[in-house]
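Below you'll find the structures, each written out as structure tokens.
In what follows, chain A forms one complex with chain B and a second complex with chain C.
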Partner chain A sequence: MSLLALILGVSTFAQESPRVQSPMPELPVSLPGWLSNRGADALFYKAAPYNWAINRIPAFAKDMYATSVGHAMAYEALVTGKSQELESKTFVTIDRVLKNPPSNPIDEAEISPRFVQKYGYLEKVFDWAHTLHFQTIDVLMHPGWSDTQKEAEIDRLWAFYSSEPYAISGLPTNMEYLDSFPYSGAFRKNYPKVNGLFWGYHWLQTVNYDMLFRVPTADQKPQYALIGQRYHETELYRTDRDFMPMTAEMSPRFARRFPEVTNAFDNLHMLHDNVNDILAQPNLSDSAKQSQVKIAIYRVLASTHRGEKPGEGEPKTLHDHRFPYGMPGMGMMVGSDESSMYMSGMGWMDMSECAHCSIPLPDEGPWGATVSAEGWTMTVRCMMCARDMAAETPGRAIIRAATEDENRLLVMISDEEGNWTSNIKGIVFLEEFGEHPNCSLWSRVFTSRSAFDIFVAKVPELKGAKALSLDQWSKLNYGTPDTYRKLNRPNPYHKDPPIRLRERRDE
Partner chain B sequence: MKRILIAILVLLSALAFSHEGDCPYCKLPLVQNTKDQDNEVVVKFGNKRIEYRCVYCVFKDQKRYKTDLIVYAPSEKIGEPVVLKRTAGKWTAPDGAVFLNTFKKHADCAELSRAFSSRAAFDKYVTDKKLIDAKALSLLEFMDLVLKPVGTDK
Partner chain C sequence: MNKAIATTIGIVCISIAIGSDHNNLEKDRPLRFDDAYSTAYRSFEFQAGFGVDTFDRSKPVYNLQFEIQYGFAKNRDISIGLDPYFTSESGKLVGNAIDLSYFEGVSREIGNNPAFGYRIDAGIPISGGDGAEFRVRGILTKTLVHYDKIHLNIDYLQTTSGSSGDRKSRMGAIIGYSNPIGYPTRFDRTLLAEFGIEQGMTTGSGYNSWIGIGLRNQVSSTTVFDFGVQADTSRTSGEPSSPLRISVGYSMNF
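Then we have the complex of A and B:
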């Protein structure tokens, strides 16, 4: 091997690393006994004052309730020999429900009786995890508690959830491995429209946590006007995703605070994908499908991984619990290593770095901000990066940012032209442009002029710094920083460009 | 040998980490300005400043914007773009501006979908690039070509 080839080989390691391909799995000897129990086990919400707080944003609540209808209808079609109708009649029916969502939660067994009869044990796992989904949302939307109380309650909810045998693991798991079986990918390939709906639900179910986390309840609803519009107009109908939306991609702040909850949601969603793929196999007998579904459940159960720790495990195996640096709330993805991962629609990213200037995110102090636009959410170091990243992206955007008061999260929403509104009146910006590695020092936001003055007085380099109003600050733009480094590597999910891109290239 | 190795590493590093984003329309990497030629097409409106890969991409993607637009289209002169405006839905260009739109593969769009300040500048570009059958287009002709429905070519 030549020197150049050796170097090229090293530099392109990620793209040359072969995808994991696992054989058809066999039933483990230690399968939990309850997986063979056909009896029902109706678990319900932890009794609490916050239950059903989700209804405080009716549009959001209805959209969430509708997601379970869609799943149930598709599963019923798959187990009753109507898979040929999935992309036509079933899709149209589900879409009608999504456009006219129910006002109350729906009992999936009412919609999918045959599926529940056959796969009742799976429904227990789904139901219990969906309860965690909804109760976590309820806590975050409860108007009567402080952020500290809410976070403590989510920790208790996690313990409550984990106490049942149906609990899914909160460890990060290797998504490449979990999606590597002979049946993997069949559903998304053969039923792209319905799969698009499913991944659209997962987008909604994962994007909402940062919409709510540490956000005052009065400031939650305005964000859903934008998020709900995006969900209905775009995310539900996307068929160009490489992989399901991951919670840490959509809600990075929540994922850093609650990695176990976040990982459980991703493992749940991966279980959904596995089940879709298994049920869509024309060559598997009913009995074989039952076995494969049980194995898929086993893979993600908390009991299967008892005693194992995040950050450990043999790479690309069932017990690989490594995670990308800076993001314990997400397992390893196709092509990823500890420092980089491929995000569908955004390309290769390093989650420990600012998405706009590529400088490492600070370990301590205010965490900076997140920018949500075009369906993605990215973490940035400073307010300048947040504004300029939003300004270079078409469409409306949301910035959620740390202020000097850790109990007051700034939520700003922009219109199509980049005009911002803020949840905090009288906010003041500091932006004394300097060396970008120090941007988190000289580009900040404060809840008041007095807070600005106190901060500036403590930092000699900022002497004479001007306090900017929201309007003044909004009009600034420094473009893409010189420090920004785009990781130019091929999409690990495709040898060829995505179909959409190929079509455009051929125009 | 050590020097060669360092030079190769520097070269590879530059290749792997260019300062690029992706075009909002075609999703291909934006082409950055070079010392010889500007390439960044910038659309400005309100507080937004959005970069495109070529003029073609801007016109194909314009429907998403409801407001007036200013487009800074790179020309033959460094730092002197051809400024296009969309005001109340009507596009205008400076007198004498000429457009090229002759790419067959979208990967070539940044080179072959461009604006020029004059016919003379267009002719020089076409000659330098040895482009055969390149037609100088007015703004209206360019828009007609780019925006006509797919499948009505020739």
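Then we have the complex of A and C:
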């Protein structure tokens, strides 16, 4: 423990280890042979009835199509010697497209021809992963299938994706390690506005899965009215993020069900960040940049990690596949351990606990609910925690909650005043306030009065419990629970000691 | 209809394509040149087209084009097509050949080296047709200033039919140009232009040449509409000249 920490009595400082600083990587002994292939190797998506179901929500589809533009334009600027225009002219150009999104998908290679001349092999990795992104969305938005069918198809999609050599690993990967090279962070530091756009649409690309997963197709579009507004007004222009948005942070329900897909998206986004940083290096030659991009690809390829398993691996190395407890769909982050991690904008979190009452989330059964507000999504144990957490947050919110019917997900959207609308008419709430460790028992939601009665009749301690309408339930508020435990640790992304001191004094 | 016209139509209508993306340039959709990229692996593409040839020494000829392509391997595709045509002289629809094609994209554009691909086409007679036609085409595609590209197509054509005075083999070349319209604010249109030259069909004759301009417009995620206009700029004696050739088409992949 440092003398400074002793003086301040900050015991948590003792648990911190220095951030990983890796040397400039060297080419591995053998790179995958396909990196040298001269063919374009264009791949078509899996033929299926759900393809282009994304167009069922035109605003969402257009926003997603527009995301193809940003990286391509920035990469093109970087390889054509126009890096000095990135924060001005290029930013304006990308932003204009994001504000006026196209109606059809865009071929990134066509708007970054010079980049593709140099890094065509990288484009293969990006294209194939983006195909997985879009087809997963299409499956979730397909109106003709049950949730069970959709989940089985996403498993098949993952197998289809993984069959190609360009596939990115579905293992959780240590993000601290992947972001620890001499070039790491250069792009976000030197081009914060453009990087903000990138991370902004990575937010959109990751937040949408919980908007869609197990949500009836008719209930998907209303959520995008809120999410799309947040995306355009705030998320695209944030320059205060410590790290890129992680899929499990934005879509925890989807991430728990499909950890491999989720990890592949995060590894893809990390590859984007690595490439941004490499291309933004003024002191690297073209040849050195080519080598570093190949190494960055190698790090995240599935073939590099063949035979390795989630939860295993030497900490803070390339083969560290540990994950925070309860969240197999996310690799370890800067400063994190199995029980806690730092989430930008939210502070230190334990993803195995309810974000509102800090009671451990149940391992099985209904998962409770998630609350999405202010750009974040948190998992909570019960409806009371969901409501009260949303009430603590300014602005609109979305609650997605399990009901007694596992095939009927409750989606509630609030307005600015906290008035809720529900996708299920006649929902009934149970809220017999008691001990928080049992809150998932006495605070629940049911699709009908009869379902409420059946549940209450089975639990003796709930005898006489009142059935609450949405209106009655909305008016309740128990504030922050006594059990809530805030993890008071400094932001691990801020390495400057004075910031640590300042944060500590504020607590 | 005279044989020269029929032969011309037959060659023009052997077609193949890559994916339904307005940037992916496909022979006959709407101009005659190809780019050096194949259709995507595992992709099917259906194309339909309608064209009118206004020959100066005969009545117009109307032709239809139907083709289906399949990316059977990475950078390789095959296609099969029918090109029935109708002349007001004969008063009937004629469709006596089936077109088979193989395409291979050998190399993408890497550094300053252009993309390279080739295709082999065969027009096989069916139901009373006579003589087969073959073409081998080498294709180079290279980025020019920024988004625009130039496409050089070199053709070798061989036919098994024709009279004693006809060439059995001929050479041709097309320089194609493509440039997306609207970048960086819109991304759904590509302008095309070409200049082509080809040996005349009669032994000892000179060269035929033509120019063309066209547009490919993305209609939806999977469909492209195209429109093109071509005009013969020179024609060897004995071959009818077409002052205006109009084509419209539709491509869809699945």
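Here is the rule we go by: the second predicted complex is superposed on the first by the 479 of 507 C-alpha atoms of A that agree within 3 Å, B and C clash if a C-alpha of one lies under 4 Å from a C-alpha of the other, contacts with A are read in each partner's own complex, and residues count from 1 in each chain.
FYI, a residue touches a chain if its C-beta (ideal position, glycine included) is under 8 Å from a C-beta of that chain, and two chains touch if they have at least 3 such contacts.
Bear in mind that the values here come from a model prediction, so they are computed numbers and not experimental data.
Look at A:107: by the touch rule set out above, it reaches chain C but stays clear of chain B.
Contacts of A:485 after superposition on the shared chain: chain B is touched, whereas chain C is not.
By the touch criterion stated above, A:52 is placed in contact with chain C alone, chain B being left untouched.
Look at A:416: by the touch rule set out above, it reaches chain B but stays clear of chain C. Contacts of A:347 after superposition on the shared chain: chain B is touched, whereas chain C is not. In the superposition on chain A, contact of A:391 is made with chain B only, not with chain C. In the superposition on chain A, contact of A:99 is made with neither chain B nor chain C. When the two structures are aligned on the shared chain, A:475 is found in touch with chain B, with no touch to chain C. In the superposed model, A:44 makes contact with chain C only, not with chain B. Residues 4-5, 8-9, 12, 15-22, 24-29, 45-51, 61, 64-67, 105-107, 150 of chain B are the ones that touch chain A when the two sit in their complex. Of all the residues in chain A, the ones that touch chain B in their complex are 3-4, 7-8, 11, 347, 391-395, 414-420, 474-475, 477, 479-480, 482, 484-489, 500-501, 504-507. Note for the complex: chain A touches chain C at residues 38-44, 47, 52, 55, 69, 73, 93, 96-97, 100, 102-107, 110-111, 113-114, 116-118, 120.
The residues of chain C lying in touch with chain A in their complex are 18-19, 21, 23, 37-44, 71, 74-75, 105-112, 115, 143, 146-147, 149, 180, 183-188, 218, 220-222, 253-254.
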